[in-house]
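Naming follows writing order (A, B, C and D), and every chain is counted from residue 1.
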């Protein structure tokens, strides 16, 4: 059994705690969170130790792995400490909002044969994953275009907006990774955005919606369509288009009911509205990959470099919005 | 150009008049209808002669073919007269509501090498036809079960009910033919029906809905689900189920719009609500088959015997409802 | 925590063991199975006691409830023993294949204020349940017709067929209960069946497919379409049709991928192929209802009488196939 | 009856000839085409006069209207001549590939109360039209984003590419108009394109695919996704996204058949593959609008200015691809 220390006992931390204990191959050894009641409650549920201090867990010699689900600003410090203590790491996205801190972290750990997996959960969503595998198996021939639709049901609170790093670093970061998952290396980014005249976004200097266009090394194009709100739920779709056809990943609904009446036919229910509900199987599969990579003594399928690359694309999108220019990228 | 006399200038007659003139291979020579203004108006639109007397057209030596779209009670007389005058005949369903009259008609014409096509338009509907062709090409392996859903948007007026011959002879007759189109010879019929406590149907001694179950010579089963009313439009579907899979014929909507909102997603519009709208392409294709059979000097793909066989099944369903027994049939 | 004894450590028993332990309100106290390794393995996984003898668990005074997932022939004896010992019971369907044994069991327990829930899992499937709730909320007006499509992916082995009690008692039993879930009391049953010329079914005197038609006290009609095999997976659908519209429960697929190529568009994957996969959430919800009824000190929503009524309908269907007659039923 | 002169007897001209004669309110008076057999054949079919010289028809005093379906390079001259002769004009898109010629044409006719309708047929497609009407009726609230997917089944021949004016002027021109149909005035355009390493497009200096992003005066965003080829047919979709939901216009298939087998379920056929087949109802409705505007003595719903504005957007897209910059536009 892999002994895992969980850093962060919030919403996402609770999901990870469940994945760990249900995996059958790992046990929850520690829960750390500065909010002591959060840490102790979650730890109590699974018979784990707890502490407000992540160092207590990281330094515990019986701990094999550290799962970092704490506030973004703490990620690089915790990665560094965990790797230097010899732990395997699974870290929630993003690594950080600041490239310099990411690079400094890497400089400190690069020589330590770091095992750092990044929590880009959507790569493990069964629907997106199936599309990716079928694309890679050649079903649609050479991929020419990728379209990612990613709309949140409701915008985050204004207070969160202020510290989020902005839409591209906070929300689109998932879609940048999805683009790389399908298209590999990105060489060019352009983006437009709109605040929809919404005073919350105007005040925050942030965007209510955005469209990002990218190109990879083969000339394949990608469109990301983002919105901070969506009346019909959490809209998470993509289309991979190739010479032989296309594969679409549709939304998920709670049931398979369809209604027919005098006004309409085949009406399905709203799409799953909450990211934990929508991506629950993805979180489980993500942790399974973490276990598999450790068991097979190989690199995880998505790592530190992927986390950095997604931020490279976010920075390019920010620059493109600011300058109105296509931005060439390296390392994206 | 085939010179066609159209008997009956009602709703269906007008559809046929258009099919004739748009076919490019036929011209409308006569329109006959006891309602003189109906006959003269329709004839005038296409430059045809008209008469209240069908005999005027049937006896016109320049007429090649007669299309019978008059009241059901007149069908056998008009078929007989037309065949004896040497005309090709396309007759709307049903041949008649009375088996004895059908058989008497056939006795009179059988020796005259009659060319009589029956207007079972649904055999020519592009969607049903594609399913039939793919089934016959072996796509689903041996067919084991057929399911026909056939619901009218609104019930006919009570006055029509009284002379309609009842649901099975009037409405289900199409579905009986569809069963034979897919399953060939039927050997057994059972039926249950309900008036839904609706006083109109109770008064008419007729049914608001019915379910018919049939078996063919290979042991394949068929279910027909009928309703006299349907809130979401004219529900016309079928499913052919075989060892290798199934093929479903779905409903048609006016456009390909889908709506997404806080209450529902992927909501299409109501299905096409009127039989002339739903089956317009079928009526055109039916007339094209009439022309093709004449041109190729062969029997039409659906003829007098098919019209009789559908009535055999209707009579069996009526008997089954009355007796509560499965009814063996011959000639169905 | 409710202490539960699980009788039967087979496929279904394992699903129930998981529902029990994941419920958060119950614990697995005992696992009993005549196959000792099965009992001990499953018990070991959850820290429960085990025995080849169900009596050991039933008589343990610390046991609150008994979940019967053993062979059908043992159900009535185990229900009787459990009720007489004062335990709450959740019993897998069917109660028994023989009406006399069912009635004898009831005669013995009726005076003991028995708490017996029947495991008609499909009532707890989220899709079917939503349709049922929306029907009962009046969304489609008075229900006029119910259509249940229920096809197994592959037929059971011949050896199972021989002891199964036949298709109606073994497979259709679920659909009979579904009919009652939507339509209440059934007053009339007719059925036709076919062995599809398949020597396995001919030899077993059983059916490869069947169609059952029923009527309830309001004149609403129901069709059940059954097949022992289905190329595209476990086909589990229904349609509730009423004066104001209809609600359809569709099949479930593993992912939301759709494929588009030169031959076809919008192609989804096969439907979930295995009943445990398809109905996993239903089993969990079923156990949750068991817990809720106990907690709220009320009768379970589906009980002994429902198990008996489903068998009444199965017997009527068997009689209808044998006699070719509509069979009136009481207690269905 | 409106007497119409048709200039151009090619593929599109033939479609218009049929719309004219089937309208019931117009007759085909002339067919002109430099290819004399084309002109005479088409004219012969409808009993019209013909000439290789468009002037013969335009100058015929009995002609009320001129429908210009000739080569693009002739459009402005024919518009000018027709307007100056006092004829109503329906002109196929685009007006011209050169803005100076368009403006010169307008300068010559502006004072003559010109009646010039532009043939942006997609505005009259029943599906797109329904979405537009529902958006304008407020169903989705303020529109925030429009997504247009427009993919041709196969690329045009290289010879056509050379004179087409390039993808944006030739193909995307329809989508630019669709953007304006939904979003009104466009103020900003950016575009990226790819030749997919296809030597035909490399040689022609043209694009195999492109993505155009635009913004309107309210900050609503639009994405156009174009491809010169599409394995599954003529992909013509759009999504209008607003605060209260979205409306999607889907593709059309020839029939409503869905296939289910061991590999897949709900597989529809390929989408309608040919623009004349896909947009046949749109061409009819377009001509009906031409007639209605004349009958009601009002401006047509889409006119010369719309044709010019679409080219403004095409020019901006070309500039954006060349410069890598967002291009502000006026008059778009």
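As a convention for this text, a residue touches a chain if its C-beta (ideal position, glycine included) is under 8 Å from a C-beta of that chain, and two chains touch if they have at least 3 such contacts.
Computed from a predicted structure; not experimentally measured.
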Keeping to the contact definition above, tell me which chains border both subunit B and subunit C. A, D
Identity of the chain that, by mean CA position, is farthest from subunit C: D
Contact tally winner between A-B and A-D is A-D
Using mean C-alpha positions as chain centres, tell me how far subunit A is from subunit D in Å, no decimals. 42
Length of the line joining the C-alpha centres of subunit A and subunit B, rounded to whole Å: 58
Overlap residues in subunit A, where contacts from two or more other chains coincide: 140, 231-232, 244-246, 251, 259-262, 269
Within the complex, subunit A is touched by subunit B residues 231-233, 251, 253, 259-271
Where on subunit C does subunit B make contact in their complex? 140-141, 144-145, 147, 188, 190, 192, 194-197, 208-211, 213, 215, 218-221, 223, 225, 227, 229, 231-232, 241-246, 324-326
For the complex, which residues does subunit D have touching subunit B? 126-127, 130-131, 134, 139-140, 244-252, 254-262, 269
